[in-house]
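Have a look at this one.
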């Protein structure tokens, strides 16, 4: 198993590909090329890609692109996808209006 | 690859990354060891993004003022990453006489240090930010404050440092610091022993445990804080916001989403399972606080909430210092929730401290030994 | 023409009351209680929004409220997931452009 | 704070089954589901289920859903709909959005049964309106009575892609092609055969290279791929479609488990990020269980068993069920689950290519590549002694050539003509000693629609073929049309000589056509003269 912990390892230089313009993160409109470039900038984890590019940080919170991003990183780093952690799961699981989130129903047993 | 470099930095947060970058720029070889799997996963990416001078302790204010003057404006260009630095002022809001008193005190102290900050009334506040509710009656206003994106700033420093040859190793928690012949020399991780002439401990709250291995203590406690972020909204305002009561703070990001931090008041009683999971009430409390100040945001949807640990110092001011008992060892931790805005200045000055033995800004008020009994 | 009037297995679909709503100011009809997206689909509307960065059209994608691609402005509130939001008589639905309503010229009404 | 013995998240097959078992043990149970309708995917599944009686085989998914809901109601389970779980916190606290408020609940046990989310695949134009998930198509057609489009291309030949393609045709859409990058059809051959015989072409080792259109999909280009799944230039084919449907697998929707702090693992065999669980679905957090697709992608039948198991385990955890009773009941469920886990499509055999059936017969390569059995396959599968002995009079021909867990045909035949035996993945055999009455119950009971009644002696020079038909409008007796081959090719004029509907057939109409006797073993579908099937 190849380790992704050494961030100085040589992963080759960024070479653009024909399909780099394809959107991966539909919410934030982040392309495959941008994600591949970010990996070559040293972003080796799903969390780092997310924070660097906003991929997976839009309205759907990466529900659609999560696996795509993970597979892209794995391919670019030549590791198996299982080696990479998915992004952190965070509440709320679906978008909630502030007035609703702030409106806590108090029920007494 | 040799495991010896001029400097080892423990902790790949924004402090560690910025220091690594400025050290590399001076030509030093640097290794950064990060305990977790991700770069910048701690407080660096879990804060409200404030880049402010107002409301600060006078001991750290010079760093904040110097960084805003000298580093923040050119940072995006320097790092090649948009750190979204926006200098459109900071409103610290109050609703009551008690608030007014707190704000006035902070303002007076900052003015004495030469900061352009003043108290303004409700009408003046709403002239700056028309979305604020009528309940807001006073504020301190510092027009040179602002905000930036903590995520891209932290990773921007990482990217640039990496480009300059800094070696970053993740999942490398430091078990032990070791002196050889009285000076710092080794950093022990589960997989390897790394060697350097100088070591900087910038590992947030974990710094306490690491420093203890060479008999040094920084009195600090972990304090959980929670943040939340909305969906993208149409542009509303550009100021950084805070409140006298610290019930929330935040800003609208370049992306359009609002990033707010806040508290339920129970954070100091936190119970956790080892990771900074959000509490079940934190986000709700923060939302209620925000809506009172910004009724217009009631319909804004929260897309995620997160929690993080502050390394809260006994006197709520950072420790940035060389360690006399362990030559070659340096500390930059205990930022107490104020770290992000001063991070570039800290990195720059700590790099000077390590490389040159002195720094542009006098940091002596932030020494680690300030907690020792007075003689 | 998109409605299934009779299904070989499910028979006749259950429908709510026929109500009117407005799509970018234009009156349309749908069944109360069905998702807004279904009423729009029946009326032949494919584009629910245009994206912020590239101004590209988006419509129904997951149809279960997860992907957030079908969001529109409903009664003035943006980012409403139309695939899971029930249609109510008189609703004002607007095509979303980035995070605000698409400007619709009077001639198209 | 409102408190329950058990909180179940997700009112799908696993969640409801878990809740029912737990409530029957005396537990106070709440189920939260973010949807307006309960049942999860069951109400979108209008095909008859596979398995055996204990798995509710030959019952359509939505009917199973109705039964589960009735059982949940009867056993006192509280089902909260439009109730979105925002988060799970320490001490089994669950924060739920119900209406315009957030409500805090606590439970002594929690079962997460949030199911799965669809995987996606990217290509030029995949964000255009008109490109949708297969699940979206099902939701639109089967829950809301609306067609996703008029002309559809399906990507993905797993069971979801196959089943939804058939459902699209049932809803009145035209499926122009079924495409998969894999060299073999991933789902059940019987599902593929239903689609192939109505004329839908399969393009294996093909992928979508581009969706055309500026405002919405107006067409699609596919191309053949090489072994590295790279499109081969010059192999492009274009189709005018308004809809592209993606059915490229599912991933467990396990975010809540991760958020709750369960130890997780990325297991490709289970579809992605799943919790580490013990046998009955208990995660690394005591009292917190996972059931159904969220702990590993399978199908609804096994999800229901898995749900029941975790419901019983939760009951035992809180002392509502003795350890002995739990062990006994779990052992029975284990057997039921094991029987679903046999054969060529067992979870452990994923991606494996079988050369021979369990019976030692070489599998049909044509079925795997084109979706239908070819003439050489007939030789091996149906001209065996057990099928050919019966040449005169009406007799069943069962075109079931893969070891899938299913046996309703055996129970359906009251005359004992059809034998499967104890292992439900065995291929059905025809017992020629028993005579067939032509009742047709076997046809209607076959979830794969793979049984035909053939009578070579129907009339001089003519054979009759009775086949399952689930499209509208129904053909009328005397109506003329075209007999189609297994690959959907027109063979000859066919006349409808009988149309039978019955409650026992459950919406599968039995249509008998008259064809030249030479086509007795080749004609397998009927296309009305005036319009295409299903339109």
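Going by the order they are written in, the chains are A, B, C and D; count residues from 1 in each one.
The rule we apply is simple: contacts are C-beta pairs under 8 Å (C-beta built on N, C-alpha and C of every residue); 3 or more make two chains touch, one makes a residue touch a chain.
Please read all numbers here as calculations on a predicted model, not as lab measurements.
Visitor: Mean of the CA atoms for each chain, then the mean for all of them together: which chain is nearest?
Guide: Taking the mean of C-alpha atoms per chain, the most central one is A.
Visitor: Quick check: more C-beta contact pairs at A-C or at A-D?
Guide: A-D
Visitor: Quick check: how many Å separate the C-alpha centres of chain C and chain D?
Guide: Computed from C-alpha means, the inter-chain centre distance equals 30 Å.
Visitor: Approximately how many whole Å separate the CA-defined centres of chain A and chain D?
Guide: So the centroids are 31 Å from each other.
Visitor: Could you give the separation in Å between the centres of chain B and chain C, each centre being the mean of its C-alpha atoms?
Guide: Averaging C-alpha atoms per chain gives centres 44 Å apart.
Visitor: Which chain D residues touch at least two other chains?
Guide: 34, 87, 95, 102, 104, 117, 127, 259
Visitor: Do you know which chain A residues sit against two or more other chains?
Guide: Touching at least two other chains: 26, 58-59, 63-64, 85, 88, 90-92, 94-96, 99, 101, 103-104.
Visitor: Of all the residues in chain B, which ones touch at least 2 other chains?
Guide: Expected reply: 231-232, 278, 284, 299, 301.
Visitor: Which of line, ring, star, complete and other names the graph you get from chains that touch?
Guide: Complete.
Visitor: Would you pull the chain A residues touching chain D in the complex into a rising list?
Guide: 19, 22-24, 26, 32, 63-65, 67-68, 81-86, 88-94, 96, 99-101, 103-105, 107-109
Visitor: Using the touch definition up top, name the residues of chain B that touch chain C in the complex.
Guide: Against chain C, the touching part of chain B is residues 231-234, 256, 299, 301.
Visitor: Mind listing the chain B positions that touch chain D in their complex?
Guide: 271-273, 275, 277-280, 284
Visitor: Taking the complex as given, what residues does chain D use to touch chain C?
Guide: Answer in residue numbers: 34-36, 46, 60, 62, 117-118, 127-133, 135-137, 139-142, 144-149, 170-172, 214-216, 470-472, 507.
Visitor: State the interface residues of chain D toward chain B in the complex, per the touch definition above.
Guide: Those residues of chain D that touch chain B are 87, 89-90, 93, 95, 102, 104, 259, 261.
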